[in-house]
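Next come two complexes built around chain A: one with chain B, the other with chain C.
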Partner chain A sequence: MNTGILNTDLIELICILVFFLGFYGLIATTNVIKSIVFLWVMEMAVIMFFLSIGYNIGIVAPIGTDLVPGQVADPLPQALMITTIVIGLAVTAVNITMLITLVRKHKSANWDILRKKSSES
Partner chain B sequence: MLTYFIIVPILIAVLLFMLSHVKAGRAIAILFQAGFTGAAFYLFTLSQQGEILTTIGGYESVLGIVLRADSVSAVFVLITTIFFLIASIYSFHEKDSRLFWFLMFLWQGALVGIFLTRDLFNAFVLIEVVTIVVAILIMFNRDKRSMYDGMFYLMLNVLVIKFYLFGLGYLYRMAGTMDMEVARLALANVDRASQLLPYALMMTSIAFKCALLPLFSWLPKAHGSPAAPSAVSAILSGLHIKCTIYLFLRVQEMFATVATHEFFLVIGIITAVVGFTMAMSQSDIKLILAYSTVSQIGLIFTALSMGSYYSQIGGMYHIVNHALFKGGLFLGAGAIAKAYGTRNIHQIRGVLRRYPLMGIATLIAILGMIGAPFFNGSISKYFMVSDTTTQMNWILTFLSLGTIITFIKYSTMLFGKSDAEPKADVKIPVEQQISTFILGALCFVTGIFGLQSIRFLFNATVYIDALGYLEKAGIFFASLIAGFFIFKYFVNTSDFLKRLGRFELGFRSVCVCIGVFFAALLLTVGVL
Partner chain C sequence: MIYAILVLWIFLAAIIIPERRGIRIIIYFAIFSLVTALSFFLLGSPDVAMAEAAISTFSTIFFVICFEKHFRLKADGEGDPEKKEVSKAAAAKKYVLPLLLIVPLFALFIFFRPGPEVSTYLKDLYITRFAQDVGGVNAVTSIYLAYRVYDTLFEALVLVIAIVAVSHMSAFKEMTVPDGEHSDIERDGLAVFTIRIIAPILLLFGVYLVMNGHISPGGGFQGGVAVAAFFICRYMIYNIYDMPVKKIIRLEEVLFMTAVAIAVFGVFLGAGTFVPLEYLRLYQESYLILMNILIGLKVACACIVLFYRFVAIERR
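Then we have the complex of A and B:
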């Protein structure tokens, strides 16, 4: 039995904070790699939020056969988040591939320098 | 049945990628595109009699994914297939064709999926697929500049989709479903205050993808990218942007209790003004068209947010029309730029004389764009203004004046003579001429048979008042003359515009804009 210190409101608040912290990071950093990391921070906040939707104190994971309806966590958000994580992985892979090509060409991973050098050509 | 519209293009994409025989691949691609167009037409006629539903995996709509073709989405699917058919004919001889066809078919499947699906999470997945595909197509002919553009596009779109996903989480918590229809019914019983945040989150994302005012910086880079094949630019500008307008309509409908129309009306007008100002100040023909897309999106948003039945019809019809003429213009621009070896509007002259068919197609598309009488633009613009206040009437006249000036500038390349004449042996391939001409001809047909097209597409019976139409024609000619003089004595010579044209935002500035837009939207719906 889970006694649970965290309630969902607190989790929601934390998620919003982390989400906008990641967003602030995107504004604050000039480094492309850090931008990609901050994108993941935002994504983690969203994933945590989704997982907290199905959660409540005293509720068990939806695994097994002898489950009482109403006392089982909603499995749908978790299934959706697996999809989201996979998509996020694929997008990050594409992003990093592009970044590698750009860095090889311009010898820099700075947004401003990349922009300047790209528009020169 | 609807599943096949999504899954078959994706399977064919894989098939074409594995097929090493280039000519056979092309033939299969064109053949299947023609087949899809036929199928979409059939679907369209079926959906006129009643909605078509497909539940994937046999789950009911609250749990599973539902595909639904109602009268609106069937229209979009029809346009998508027609557009992809024409684009495929146009890029018949595209080099590196295996990858190209693979991406094109993938793109088509995902786009059709977005139009058909009723599940918001499913839409999210498809949008992500489309984003990656488009990012690769933008830098298809790898050159120095396009790598940055592609990355800029991808990073920003990935960023805003997080907003969408976060909003979706809230929606699921409130409504317990991802299905648009069920969620709409469920949200009607939820108190207004708790809907504000998800609405603002989702709308920020969608507005970014529609390139509304502070968020449009990525669009010219993506749509005007020199490395993208012309067919890709045409689909991006004509069709791709419409899939988020479609989502906008759906989400706006879903959050009926919090949805703000005034905000999008104002933003739409400002977007249109900024869009055509930027378009006027460009000298690259593809960039002129790209910025003009921004202004047309603003116009469409204005029309859709005005709230009267006629302006709604006008806006919807303008979505179709814009696809036709902007597609035609982009296809034409690509071929012309290739033939002349330059994209500078000041160096290209005499297209009409040198490439008559291409010139005529472009001219028709321009006439449609600026809303000349008897062309399709005039019909949609007529309906936009026919049911509004005098004030709005003047604003829309002003907006179309801006479009007119932009395209007077664009049409200068059709006439005259210049030094940068192409070599005598440079020919525009026949299939490119024909496909551009088909789009041009469609602009004319949907203009002449405007009322019939509206009845056919949207199942709405509307009437045109002959006197009112004549009045609009008068206004058009007056603004054409005014536009000509403004172009000659201001736009053509202004240094300010030239400097303005080079203005662009970096990644971080765009992020700030997203934040500002989000805050503004949240404040608007929260306070009002």
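Then we have the complex of A and C:
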């Protein structure tokens, strides 16, 4: 187990930072649209984390006939992350539909007001 | 290079947090997605970059449609409560308390992350063997259509479920928009002229991405979204709601079941494993092209249905 900051890979550190920026934005904001945007931000950070596994300077895409395993990016996370991005579209679409339904019912897109109105009714 | 782009990436994620104007949030979101796609490309994964660029465009369209509602509410005087004066104690409670949760979690993740040594067994296996096992030149397409085809199919199932959820939650009494009805959105003549020129090229590009998914970056998902973008352009040009949405949903289900049938068929040929490699060796690239076309059409149908449902919501 690696327990030092200096040994960590810089890209993975950046991904964790952006993930928690997105998490902070998700729970500290009162705007529902912003919450949905930050859900997307968190997802992008996770995808970047997976894609940066095994990254070196001068790495190439895994496309071609005579590939040398040491010099190409890992194709397995890429294949899984394509499907994750499409699932992100599904999540965003369902979220926005729920938001539009809420806005129609309660005439507001603010977490505080929505919480108050839904507890009253 | 990648580090400069990543610094911009952090900046764009951070700048959305204090932003209060809705349209700026959406613009920052679009720029953030674009920078993300660029970094994916620099990390050596053009397939994922293409998918991200195509799909974030779709998400931006949904956000714009949703923002239209939100903006009208503010214009009606229903007020944006974020602009209201709040006391300092309340603001501190709202913005500082989450930090008390976030910072320890962040520290935990940094100090106890797994080491940098990652096993490369599967990577080496896939890269050295995909050309004989599956065929094609693009290793990513070979993995998601052959070695991991069931992952891809379940992901497609998630998209079907999303369409069911969107259709269910947007079903109100006054839901139905009559076929052939024109919308009352004002259109810019120059924009329509530009879209008229771009749209056929977009359709050609989408078909190219689907057909060449096994030898170049691209594939069913990316090409399918590009084909769906052509139908959005068609809506923008003619401004008419005449898409048979229910028939497209049926078509999508049929395409999905066909893809599942083709993937499962190999199991019954006595291939011995769940991944029908023996069966794949017989057909090689024709299997990849067929599956890419099926998945591309399925994703295109799904995106068309989602877009037209959102247009119907927006016009109520």
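Keep this in mind: the second predicted complex is superposed on the first by the 112 of 121 C-alpha atoms of A that agree within 3 Å, B and C clash if a C-alpha of one lies under 4 Å from a C-alpha of the other, contacts with A are read in each partner's own complex, and residues count from 1 in each chain.
Just so it is clear, a contact is a pair of C-beta atoms (placed from the backbone, for glycine too) under 8 Å apart; a residue touches a chain by one contact, two chains touch by 3 or more.
Computed from a prediction, not measured in an experiment: that's the story for all the values here.
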Of chain B and chain C, the chain that contacts the larger number of chain A residues: C
Touching partner for A:Thr30 - first (chain B), second (chain C), both, neither: both
Chain B versus chain C as contact partner of A:Ile85, first or second or both or neither: second
Partner chain(s) touched by A:Thr65 [first = chain B, second = chain C, both, neither]: second
Which of chain B and chain C A:Ile53 touches, first, second, both or neither: both
Partner chain in contact with A:Leu76 - chain B first, chain C second, else both or neither: both
Touching partner for A:Val103 - first (chain B), second (chain C), both, neither: second
First (chain B), second (chain C), both or neither touched by A:Ile11: second
Touched partner set for A:Ser118, first chain B, second chain C, both or neither: first
Overlap of chain C and chain B interfaces on chain A (superposed complexes): 23, 27-28, 30, 36, 45, 53, 76, 80, 83, 87, 90-91, 94, 98-99, 101, 112
Chain C to chain A touching residues, read off their complex: 2-3, 6, 9-10, 13-14, 16-17, 19-20, 22, 25-26, 29, 32-33, 36, 39-40, 43-48, 51-52, 55-56, 58-59, 62-63, 65-67, 69-70, 73, 78, 80-82, 94-95, 98-99, 101-102, 105-106, 109-116, 118, 120, 122-124, 126-128, 130-131, 137-144, 148, 151-152, 155, 158-159, 161-162, 165-166, 169-170, 216-217, 219, 221, 299, 303, 306, 309-310, 313
Chain B-touching residues of chain A, taken from the complex the two chains share: 15, 19, 23, 26-28, 30, 32, 35-36, 39, 42-43, 45-46, 49-50, 53, 76-77, 80, 83-84, 87, 90-91, 94-95, 98-99, 101-102, 105, 111-112, 114-115, 118-119, 121
List of chain A residues in touch with chain C within their complex: 1-3, 5, 7-14, 16-18, 20-25, 27-31, 33-34, 36-38, 40-41, 44-45, 47-48, 51-55, 59-65, 67, 69, 72-76, 78-83, 85-94, 96-101, 103, 107-110, 112-113
Of chain B, residues touching chain A in the complex: 63, 121, 125, 128, 131-132, 135-136, 143-145, 147-151, 154-155, 158-159, 162, 165-166, 169, 172-173, 506-508, 511-512, 515
